[in-house]
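Below are two complexes that have chain A in common, paired first with chain B and then with chain C.
What follows is the complex of A and B.
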């Protein structure tokens, strides 16, 4: 199929001179910018275009589904879509019946949306009105096609006797005769035939198979008691209607029908109705007289209106698979073959039971894939796409086709600031590529606030995508860091469960301490608990804070133990050795004995090991001295203890 | 059960929904605040009951365009409400009826960007709490701001009240507020004390789980319930502090709001990101005719009781589970409103209040 392409001009001088390039900006946008292609063999010369102000243009497709008034449709349909998926996954026995109910639900959503649009179009006086009218046209077609597809593909019609449903469909979409009849019957009943629409309504109702309405209207005619009227009433009353449950077989019905036709024809031939030309026409119509049908077909707005009427009087037992040929005949009859609108093609394809054609056609409806994805999904679950799998000629597979549409639709919604959650629920139901797509799209959502971030993380969590959670947490941590919110950065770091990254953040705390002698975010460090175990550096930080806490509350013994365990832990970062060793001095010089000889040996051992550190040089003597004095005290004390 | 639920799709995700109090009648008006939209709004809604009482259609009477997401909204009285934004500002809005009969929403006072990070980036104001004319706000920047509705200046700022993001705040006394942060650390600040040190702090649980919302018991303010991001509810008696008296694992995802029934404190409502809306009852009449709790037990607060009482809770789902998060609930007598991420609001009429 040839797709017409559209050209958009980027209004930029530099773009015009240099040429364009574009890249996909996450999700629904293309970033377009001036670019000059440089190849390997181009001479290395300064660019003729610089220096200049280059702009980046963001180009995006207009998505009508993002209009506030249509967002209701998107959200509401999402609920129904999820119900369909639930129904299928629950393996309900009579899922056919339930599916039909859900299909009705979809239609009522479309109907609600249409009514909404109509209200709004009535109220609106600005340019937007035209747009609204446009939407109404689109969704009217959607409703019309959906209804027919529901009848033909979803509903389980016993015996394939499709006519009653078809009539219902026609009545629903061409309600004008019904409305007129209602106003006529509700209005002034005397001299009803003087109403200009009277005969048109009678014949229109007859063509929609509303025999009761026709009889009611005829009875009200001032000449209703005359002979031709009586005869018509009788004939219409006697007209057999086919009903699968009436216990009458199709052959038996056909016999009755033939009989009625012969009977009516003989009455026509006897010129019993000739005095009333409208009645004459009606009777000729009901026996299917070609000339009579030629007279009325111009009143029909569409070929399918004629089709239903024609079937009532000529093929009342038509089966759904025979519809196609009758449809073609009607089109030929009305001579609209060349003036077929898009909607006509879709309906024709549906009547010919060519599901692939229907799906192909409805993709062209410009409602951004809402219709095609939901309908294809429904048809797939109704088992209507199995034909594809069995057909060796087509390259399509039913499940893949459905998934393809859902992917497109879900991705489209993911690109919207607010509808991304809805988009996710469609991608969830793409069995092969859904998860991968989510994996790609989820990290591309703008994070904005923590509340939103939490929701995104939650979605990643539900789908078991730890690597995405980790990367989002790390981004958040970096953002907090940039904002000078170190404590929050560490919290996000811990949430990310990434050891190296958390070490990096813990380092910031330690370096800050080295520089200013102040430990930041004490409330946080105080309540790290077991979460500090994710990184060595964080353990060190946590323990070092504990040391400070003990020291401040004068538990010197405890603090000394912590300090010694830190010294011997091999967790100490290189830049922190000087600080850590420095911290031993007050403990060594304390009035009472705090560090045992063993502790002091450990300290001296560390000191010896690190004696090359340049920042330690001016302190090393002092520490050594303190250690020596403490050692002498400790040895003496311990010696006493042994005795 | 389902027929008294009325859903309306409104084309924006709702973060907060609040009844407009009506001192004399059943209120029939409420506000919604949206989030995550290109243009967020505060809308004032009204609904009229149809003649046949079957269907209820809320309609918008006034729209106020709001900058940033609406993060919290609370009515002071029927004409004034306070709303906070994701850009760190707090608005004091007035709803007035003009002489022509229109309704207007005007901005009485604005405390602009009172929450911001050290690099001056705006920070989300996550929550605030109101006690008469005093408002205390908390933000992602870990700050606490004290405001008074009569005063356009910020009365006091506790800088670095928390090193993480504060998620929720509530008054426990007129001089004390309780905050919960993104690691589940709860702190009590005495507003009379200078400095940024809390008078008390304790952890929600050992596992660094964020507190998401707080509510206090209507008659016994020392009893506080917190919801967390795992969907559990934790109950404290602040007189005993530090250790929760009761831990109820409830929803399957983050609890978004908790509300006690103001007239029947033995009943509570909670909603969650998992799309659940629950009604908690402790005094439902038992099968033997009497109440599950006898009189002596009633005197002690049943929310505070431990193990033995756990099985005496009854939980009702007010609505079939939604596919998207419920962000906010509010109740007025026996009617519950909720606002959700599926861009719909729901009104539930005639909720069974067991009294």
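What follows is the complex of A and C.
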């Protein structure tokens, strides 16, 4: 889809003189700064632009959706979007009807938002009011286009008889006559015709096809019993309306319609209404008299208002696919072809059933893609984008088009501190690139608090992205470590399931013990359990802690067993041998015999192997002596046992 | 449609590089004034200078952040022939700032180069802490910190002779069984007769060496910047090239053509897009996180953005341009430079507690007119 390319100005003189360079900042921002190319071979000299006040400009798209007042729109539309996805995945039989209901739901969300905006705009007295008015304009257009698209592309209109729906659309968006009629009827009924709006309301209602209202208003006219009024009432009453369910075929209706036209025309020709110029005009309008329509068309605010009115009296059986030509005729008639606003182009494209053009145009509606992504998704599921796939000339594919918009919209929301989860739900429904996009964006969300981090991890877990969870845990561990929170770091390290990394953290504990003789975070070490299995170093740390625990509770036998198994485990880090061997002394020197001869041999074997360690030198004799004494005790004891 | 926040960078000369950390919450800048500065964003969106130090004894060309898994680590490269790795230390006691007292220490100075080090980039995070540098004399160096807890030890793992003066390098961020480690290096050699100016190197696990798999012959003009796009699961790679124009190249491994010895595939290289919108030399390219929008800077003084549309074609979407003359007209100046010593009315002082954004004016509303 084409997006127009605009030039934006960075209000800075140095940026103009030196030129700009730009880099992307996560997530959706660009930083620009004054810079220019310096070739590596040039001598390193101060630039001609310095000394200067160089500024960095962080440029971002203005996102109106992030305004608090529009937050409800974003969240509620997300709910409906998810309902649409669920409906489609459930393969419901008459999904068309359900889709239309959901389309209505979208519209009622827009309506609620508009009402909210209007209330706020009424209340607001600050500069923000202008902004609110701007939003109202935007979302009014959105509502208007959505409604028409719903009629033309989502709703299943039997026989393509579009006029009743079109009238409903026009009545909804041009409610002025209905309101006026209501005021008139609620006011003083005597001499109602003296009200300045009376005739305007009557004719306006007629043009919107509200025949009953017209008749009611005419009856209240003080001359309502006079002949011309009676005749008009009869004519309007007799006017046939086309209804697919009435059992009348189109040909039959046309016959009736022609008959009514001839009848009414003959009354006009007989100058039966000439005494009442307004009635005369109304009747001439009813038979589609060009000069009469020329008189009233200036009252129409928009060409599509005229279109609906014109169709009521000239083409009551118009089919959806014929709308385009009549629309163009109305535009020509009102001579607004050169004054078409953006909304006009969109509506015209919709009437011409040019869905691609509609989608192209609504991208420009400056509501940051809310409209285009939701509508395109709906149209795609309503099977309206299949035309694209069948057109060999365009490279557009319906599903791709839908996904592109959802990706953009989801990415946009991911950039917001509290809407990122909403953003995720859109990316989830992008079958080809959604998950990869999540993989790129999710880890970039700042880990501002523990709760938020857990939330991000849960979302990664839901989508089966273990590598992201691992990375987040490692980052948290590193952050804790740098702040000196070793216990926290280890907890995150274990969560990361990264063996090498956890080993590095376990090392920190062991080295700390070597240095200070203190094991940190014993609660954590006590509860390691099976989680220690992810790294050898952590197993060693865990087992070494258990040794300490047993020793402190005077379970010397148990602690000796642990120590011996550590000695023979081949898990001991080099820097820890001295500490570990040193730990045997109290056990060897204990009053009762704790280490068996076999244990002592293991110890002596290790001692021999590590005898070159410099930090062991001042202790080795002591340990040897203790071992020798223990060995003699143990051998004697064991010899007694054998007897 | 766009709004901007001004951060007075307080450098005494032009800024050569701005780098954001993984989350976009920290910003590092470097300049010809030989300083590196680190900025932190407060919770209400304002940017505060938290560190500033003289990092080199020459212009600092590039600054780049390591992945946060390795802590708060920066690398810089300079005209002074060195590259350096910096780590931030957080004080034990919480200081006045939001994150406590902190300062940056030089962990290592990589002094192997005999000429200006023109680019420095950390490798993909899954490969541990690797750093690639390239220099004006055409040598690419790959360093590694074997112990990520000790960043003062770096070993020079590989040295690759490139023959032509190197100006820029880029790691391919997409790594998988099918994609070995890949580096692209660009040369700003001016002589077209020296052939292609972009070289693709890949690491062969089989022989544990970096091999040149490709010289991109379609680009013979000087190359000033290159950048691999983040990969959204495509089978091919996209490389943005800043040369006399802007190029986007696609590199697809040719499946049944692996080198017996190295196990590396030949690449099929196509030009996916070529833009002359700058109308002159392009010298900087940068992808957004998802690789959907490319920003380029050129000698026309503009930053231009190109977006991939849904039929996978690239289209220009926006242009940013500096113009001081608009400042006075729009009357934003006083509100923008809160750092300047202009007398600020008390109301503005209250407002300036939070980040200020100015709306950017547009020059042309070229709805119908195509950009040329």
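Assume the second predicted complex is superposed on the first by the 603 of 643 C-alpha atoms of A that agree within 3 Å, B and C clash if a C-alpha of one lies under 4 Å from a C-alpha of the other, contacts with A are read in each partner's own complex, and residues count from 1 in each chain.
Throughout what follows, contacts are C-beta pairs under 8 Å (C-beta built on N, C-alpha and C of every residue); 3 or more make two chains touch, one makes a residue touch a chain.
It should be emphasised that the depicted structure is a prediction, and the values quoted were computed from it without experimental measurement.
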(request) Could you tell me if A:391 is touching chain B, chain C, both of them or neither one (first, second, both, neither)? (result) neither
(request) Please indicate which partner A:421 is in contact with in the superposed arrangement: first for chain B, second for chain C, both, or neither. (result) first
(message) With both complexes overlaid on chain A, does A:234 touch chain B (first), chain C (second), both or neither?
(response) neither
(message) Of the two partners chain B and chain C, which one touches more residues belonging to chain A?
(response) C
(request) May I ask you to decide whether A:11 touches chain B, chain C, both, or neither, giving the answer as first, second, both or neither? (result) second
(request) Figure out whether A:483 sits in contact with chain B (first) or chain C (second), or with both, or with neither. (result) both
(request) Pick one for A:449: touches chain B only (first), chain C only (second), both, or neither. (result) first
(request) Would you sort A:521 into first (chain B), second (chain C), both or neither based on which partner it touches? (result) first
(request) Touching chain B in one complex and chain C in the other: list those residues of chain A. (result) 482-484
(request) Using the touch rule from the top, collect the residues of chain A that touch chain B in their complex. (result) 68-69, 71-72, 75-76, 78-79, 82, 417-418, 421-422, 425, 448-452, 454-455, 458, 482-488, 490-491, 494-495, 520-521, 523-524, 527, 529-531
(request) Mind listing the chain C positions that touch chain A in their complex? (result) 1-20, 22-25, 27, 29, 31-33, 47, 58-59, 61, 67-72, 79, 88-90, 92, 100, 115-116, 118, 125, 136, 147-149, 165, 167, 188, 224, 230-233, 281, 283-284, 286-290, 292-293, 295-303, 305, 307, 309-312, 315-327, 330, 332-333, 336, 357-367, 371
(request) Mind listing the chain A positions that touch chain C in their complex? (result) 1-41, 44, 46-47, 49-62, 364, 366, 394-397, 400-401, 403-404, 407-408, 411, 432-433, 435-437, 440-441, 443-447, 471, 474-475, 478-479, 481-484, 501, 504, 507-508
(request) Over in the complex, which chain B residues touch chain A? Could you list them? (result) 9-13, 35-38, 69, 71, 86, 117-119, 121, 123-124, 126, 140-142, 162-165, 182-183, 185, 187, 198, 201, 203, 206-208, 210, 229, 253-254, 273, 323-325, 341-344
